[in-house]
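A, B, C, D and E label the chains in the order they appear, each numbered from 1.
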Amino acid sequence: MPVNESAAAEAEMMTEAEMTTDGASGAGADAGTGTWEPRIVAFCCNWCSYAGADLAGTSRKQYPANIRIVRVPCSGRINPQYILRAFQRGADGVMVAGCHPGDCHYTTGNYYTRRRFSVVQRFLEYVGLHPDRFSGHWISGSEGEKFVQTAREFTEKVRSLGPNEKMRDVL
Amino acid sequence: MSEAIKTAAPVEGEPMPAELKTAEIPTRRGPAPGDPEFLGALRDCCRSLLAEGHVQRIIAYRETPDSLRPEVAFFASPEETGDLVWDLFCNTNICKYLLDYRTFEGRIGVVVKGCDARGVVQLINDMQIPRDKVEIIGICCPGQIDPAKVESAAGEAWVSRVVAGPDSVEIVTEEGTEMRVPLESVLTDRCLSCRKPNPPVADVVFGEDQKGRISDEVFEQIAELERMSSAERDAFWNRHFERCIRCFACRNVCPACSCTKCVFDQQEPDWLAGERNQANQHFFQITRAVHVSGRCTGCEECDRVCPVGIPLRLMNKKLWKDVKDLFDSPLPGTKLGVRSPLVMWDPKDADSFE
Amino acid sequence: MKRIGVFVCHCGTNIAATVDVEKVAESARHLPHVVFATTYKFMCADPGQKLIADAIREHALNRVVVAACSPHMHERTFRKAVERAGVNPYLMEVANVREQCSWVHRDKPVGTEKAAALVAAAVAKVARNVPLESGKLPVERRALVVGGGIAGIQAALDIAESGYHVTIVEREQSVGGRMAQLDKTFPTLDCSSCILTPKMVDVGHHPMIEICSYSEIESVEGYVGNFEVTIRRKATSVDPDVCTGCGECWNRCPVKKLPSSFNMDLGHRPAIYVDFPQAIPNVPVIDRANCTYYLRDGKCRVCEKVCPTKAIDFTLEDRLVKERFGAIVMATGFQTASLQQYPEWGLGTYPDVVTGLHFERLVSSTGPTEGKIKRPSDGKEPKSVVFVLCAGSRDEARGRSYCSKACCMYSAKQAILLREKIPQAQAHVFYMDIRTAGKDYEEFYMRAKEEYGVNYIRGRVAKVYPEKDHLVVRGEDTLLGRPVAVEADMVVLAAAIEPRADAAALAQKVGISYNRDHFFSEAHPKLRPVESNTGGVFLAGCCQGPKDIPETVAQASAAAAKVVQMFSKDALVSEAQLASVNEAWCIGCFLCQPVCPYKAIQPKEIEERRGRDKIKRTVSSVNTGLCQGCGACAVACPSGAMRLNGFTDEQILAEVDAVCL
Amino acid sequence: MAEKLVTSEGLFTMVEKLLGRAQVTAPREENGIAVFGPVNSAGQVELDGPLPVIPEKSVVFPQSETLLRMDLGGEVPKVEAVEPEGEQVILGVRPCGLQAFARLDRVFLEGAFVDPQYRRRRDHTLIIALTCPTVKRSCFCRAFGYGPSDGSGADLQLTRLPGGSFHLETLTERGGEFVAEMEKEGIAGLTDAGAEAGSAARAEKARVERLAERSAAAVSTEGVVEGLDGMYDDPYWAQLAERCISCGICTYLCPTCHCFDICEKARGPEAERYRCWDTCLFSNYTLMAGGANPRPTVRERLRNRLYHKLNFFNHRYGEFLCVGCGRCVEHCPTNIDIRKVMAKAAARSRAQGVSVNG
Amino acid sequence: MGRSEAAARPEAAVSDAGPAAGLYLPSPATIQEVRLETGAADVRTFKVTLDGQEIGKDFIYRPGQCAMVSVFGVGEVMLSLSSSPTWTTHLEFSVKNAGKVTSTMHGLAPGARLGVRGPLGNWFPYESLQGKDLLFVGGGIGLAPLRSLINYVIDNRDRYGKVEIIYGARSPQDLCFKSEIFETWPKAPDTEVFVTVDRGDADWKGKEGFVPAYLEELAPSPVGKVAVICGPPIMIKFVLQGLEKLGYSDEQVITTLEMRMKCGVGKCGRCNIGHKYVCVDGPVFNLAQLRALKGEFV
């Protein structure tokens, strides 16, 4: 099967299209107004990463407001379908965060997360999602600073990519 | 980083009952397909299984007027087995029918190729049917023929029958003309790259172990896709997913899809909307593939039945490749008592998180 | 009809400074099902809570969103507040607009917009919340203590003294454990058995304590408050009800020269024996593997003949006893590492290379040498003894990275005892670091060095080899930076403290987790150090990690306090946000089962109507006593038949949809 | 009506011209599979391939289409009906596709309720038919009284001639206008068909009709409706259903299946109501809100589909809802063959006839 | 009663239906009042007006007809009109909370906006029933479509004969339209109402037992009578058997069916029973018609 040719041809068109909307200013969906801001959903486990985000707050560390946290008890509760749903509904980037391996409040939940998402992450890239639009992090309750750094870096990465079109299903 | 912790639970194979873990050595071997005595022996085997009450039902194939398309059939009595058939057109993977027998009182015989047998094993491993309820009548499969390829080789003439030899097939048309084409030219795509044509677990086996066809084409295609840019891959899959008509045949034939209430059929939560757009197609395709990853037996039945030619195997095999590379687990369906590697873990697992 | 009230907290100016709270409330008023929204200065304060309660009554609210600080701060507070006003506590959600909004963003419009989005997400979620009820679990007020060492003894005594029944399961013939093997204890040098024996006697006589010695745990079923434990009571061949412990049998037993494990194989015992003279229970057991009666088909029977009370019964068999317990204290102790990975030290090769525990038996007046230090090879009094610290500990390369914690101190103690008993003998200690964190420990160490002249050499021992009638210990003195060789009559290795060989297997039976080194894992390293991650199972002593006696006793008492705390309640309250199974959707594939860290998922047979037929099939069921609500099962379940109440797919998707808008 | 001759090049140019002014749907090849789908360059058009898997109906009855658009942000909801826009051309429609359009017309346009979406698309679709280049074994058009060269229902009909050119027949006024327009634009390779081309076309049509004749003996509609009238409770349906995997291939590939679902899509204050293909083979299709399902098993669902094709539609509209395209026959993963159902029904009818007469 | 009368021709409904362009476009409507029917709050009656349309003039319907009711942003559901066409101030829909749309509807308060598409389907043959005695048998929410005809008959009392109403529900809590079954209807001339519940409670002083049993007990004579029935499938099944025993012919029994409907205009294919579509050929059928159809109607 000629996997390559036509895909490459269409991709060429795609990249051109992307380039036009991919200005450094981050002008995207609302290109005319130049007010596009990436929408980022972060799934955080209650015990570590959510607490880490809380610590960032308690320490008054600033990070972009683009990040919207959805709290789950454990990173093992994060169904990969949630990631797809977020992209469908207009997320430009999705982040998953849990306790460091070995530190799971529920002992082993994040080990499943690690397995599951090491497969899912590769697969999302494989089906054509830009690798920088999804990322996973281990952030403990004491790593407020890591949460902040991660939030900043991820937001900037996603911002530089422009609005996500892959899987997007908005009106 | 803290010290690694290990729990009692995630031991490979648990919570399989211990008796399933016994090595499976088929006790009997019958003649190979292609042997003139093969079909008679297969019918005898099925007949006596029914007659002696070892099984109460046999799922196999029956001849039809269209010799390229035998149909799946359910034999309940020894008398019915007269038109039981197994030839190189038994493409349909019948293992999934076992699910209709989840509450059947009695044993079921299944006539299976290597790929179908993996499906049976996977259903057993997914606890959908107990091992002792299934009589696995395995056939070491020389490869199956794609009727569409035969028909297109015959051109406008209608095919009456096909006589298969070891390396070539003879196509006989209704008009009586004969033509010989290489076997490989009419084999199904999945058979062209089949590495495991022999049933890994069986009670009876027909034929000697087949070597299979070692083709890396699928993995080469996957590698090619992996080398592409993100945008190219996006375009590639958009182009294919666009055609999806959401017939769910891929799901319905899949031995790893045994849910009675699939996420795609649920209204609450509303995972999958009916609208045919790229977003929903992606959700469907990705979720389907991810759900079966770690349990996909690589039978490629989904790929075969997809009416619009979406290269599903490029997804399933990609997932399988990653699962195998990352977690070093056997191909699902090749071993009894093995659970999905995705419900297990190891402290040394690769970590893609930061 | 869903009627949601939204309460936006100013938190003084903590929220209000960067979030326009009025605007957030106003935007909330337009959300589906929201019938009331307001703001207040301090929602968590009494007037704030009253405001919520009043609004619930006034506006017939049946769901509440509080936009305030992190749920980690006040989720409980607000749950209780709505509950008091008649709303199920789980119909309340917190939108975290302080830690995750006002405190991390400076720009007010940006903060306001995000706060509104977080409120919208909480509203979307709470609209899909359902009332949840905490379950009540009955408690069986009986405790099981696994292990009869000092940890088990202390825990048992504390629990029993609080008025609850305790069963101690001890593998050996007698309770006492490692402490019974020790001679003196640091840093006070008081006699180990002198302080242990009274406690053993207390345990033995306590009306609320039953000792199952010579017994092991066969299986553990059930969950917190309701364990069902099968205990294997190994056949002792002696009827404990009749035996008076007179000792006739073990004195007359013709098989005398069996290695005594209590004496670290340095001494002997007969085939019918008690571990040591002060054994509790003082009832001997027959070592069937070595007893002539069992080896030679019913011959011998000397013990039977000499027993004045006819207590010997060769026909006794192992018994499996099933008992119910509400709590389990794991106190299975430790063993010393075999040091097979260190052939260069010669443990097991040269008889005069021994471990610290061997040395304890050699100094002990109850030991095989009756307290005279003699080297095992020829019984000579050693003139030079080398103590090697960190023998097997702190060596990641050979599999053990941790510090065994007690060795520095006990080696100092042993050096002192050596110098006391054989004043002319030299004591050399090879060490990596000396760790003396403990009250009076540093002083004790200084005494060893200064008062007793113990020679401390900083460096690792590379090799121990025999030369003439003594051993040579080669190593490097890292302080002087040169190799050293010390002649020694004996070498005492402070072998690493490790869990019992079967610790992992036992943990699997009990359903608790353990770390790489097979020490049992505590639920939280700082805040829950004596609880395991499984409800109702507590940890005491070295099975959780290396520690010395005072620490062990402290932990044992702490575990006992936890048990007593549990027993003091009428019933246990289970979490409400737990997993449950939609049986109609469940196909019984049990992919959920291996991912559950609490073994809370079990098969269950159900009957179902299929058209006209009634069929039976097996589905998953969740034991709410064991489930902790992590939700791993809900993701492992392909069809979503497994749901995590409080964090259902519907709820999370609603949140996702809302934050993406 | 007029007959033209157009070279392959000429046809290519015509398609290129069309692309600018209408949405063109034509047979395309994707991953070795022929499908009807939108094309954006003439090079994608593949007229020599087999019968496309995705049927022509998607042009007038797309897989999903918006019915209403809603703005619910204000005090009063703003709701408006959405009309399909633009012009469409469907190129390469096979005679079975034409027959299918006629059936769909009856459903969507006849009687009290006219479907506005379908009406609009139908009115703005130019249909260019193609004489089947070959006849597959799964084809059984003859059973339904037409053949592979029957262009009725099309605006224009193409017939591939042995030399590679096409014979282009104008069948309707609209077709004529189109040709005139093309001629005005000066398409090189578009000329009047001479007598030779005309007779070549007739020969080609006769050739494919002969090919189709082969199926006539095997499949017949004789007695099918009557046979099925008496077979509703026959155990046959359970036997057939045992094999059916309840996928949607036969219905979604069927050029006449037209069932749809109506769904809502809401994003905050904005919403849309759309319809999308649905199939009576899915259990959700008749699942009611309370959980009751009048067609709970595959047996009832498969029977309903086959009756709809071969009996119910006849009772309602006087003709079959099957046009014999053979897609379901060819693509059924478990080889369920509607022709065998027809044969079974016919046999039943004969048996009934015998018993009545005897 | 003739066959052709029971099922009115769908064409007749055309004149009332909106223009084709808006086939799927609902008319705006507003909830005026929400009335709780059952104790368990699973049935509510919605009093609805059509924005800018006069009922009886711009929106003409007949007893037994249905309409598609939209909750915008959620979906559409086919509901029978439980009001009588003789009431011109508003429409009424009595709705059981069963699915996504109806549960959302249950959360709506007066003032909320809906969409109404209809009237759809045929109706009870109220004209040919004139002069006849009527037996209504209803169960649970199944009384809703009957209520339209009952009130129509009561409002035109002189044109119809004797009216007997047998109505049952699972429990006293589950009885709908309580003020009508206990007050309005029993007070109407020559009208008898028989209410039963499967299981009573402490306050229940009425009849206990299933509807089919009560029917057999009351044994209303079939002479000059037409039975109009609606209720859960299991009730229908046994009521039909009971009526047959009492001597009712298939033509004397009329019922109205519920099927999952989507389009309401005979296109989407979902609601067929045999070759009939419930949405356009029904929902009202007499038993003789139903028996002639292939399909699963009870």
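Things worth noting here:
The criterion applied here is as follows: a contact is a pair of C-beta atoms (placed from the backbone, for glycine too) under 8 Å apart; a residue touches a chain by one contact, two chains touch by 3 or more.
What you see is a predicted model, and the numbers here were worked out from it, not measured in a lab.
On a Cα centroid basis, the chain most remote from chain A in this structure is E. Chain pair with the larger contact count among C-E and B-D is B-D, by C-beta pairs in contact. Distance from the centre of chain D peaks at C, each centre being the average of the chain's Cα atoms. Averaging Cα coordinates per chain places chain D and chain E 39 Å apart. Per-chain Cα centroids separate chain A from chain B by 35 Å. Computed from the mean C-alpha positions, the centre of chain A lies at a distance of 52 Å from the centre of chain E.
Chain contacts: chain C has residues 513, 521, 595, 597, 636, 649, 653, 661 touching two or more partner chains. Those residues of chain B in touch with two or more other chains are numbered 3-5, 7, 9-10, 239, 263, 267-268, 273, 275, 277, 311, 342-344, 347.
Of all residues in chain A, those touching 2 or more other chains are 1, 81, 85, 89, 107-108, 112, 116, listed in ascending order. Those residues of chain A that touch chain B in the complex are listed here as 1, 3-4, 6-8, 10-11, 13-15, 18, 80-81, 84-85, 87-88, 96, 98, 100-103, 107-108, 111-112, 114-131, 135-138, 150, 166-169.
Contacts from chain B toward chain D in the complex involve residues 64, 66, 69-74, 92, 96-97, 100, 148, 151-152, 155-156, 158-159, 174, 239-240, 242-243, 245-249, 252-253, 265, 267, 273-277, 301, 304-305, 307-311. In the complex of the two chains, the chain E residues touching chain C come out as 106-107, 109. Chain A contributes residues 39, 41, 50-51, 53-54, 56-58, 60-63, 65, 68-74, 76-79, 81-82, 85-86, 89-91, 105-109, 112, 116, 148 to its touches with chain C in the complex.
Interface residues of chain B facing chain C in the complex, by the touch rule stated above, are 3-10, 14-15, 102-103, 126-128, 257-263, 266, 268-270, 291, 339-340, 342-344, 347.
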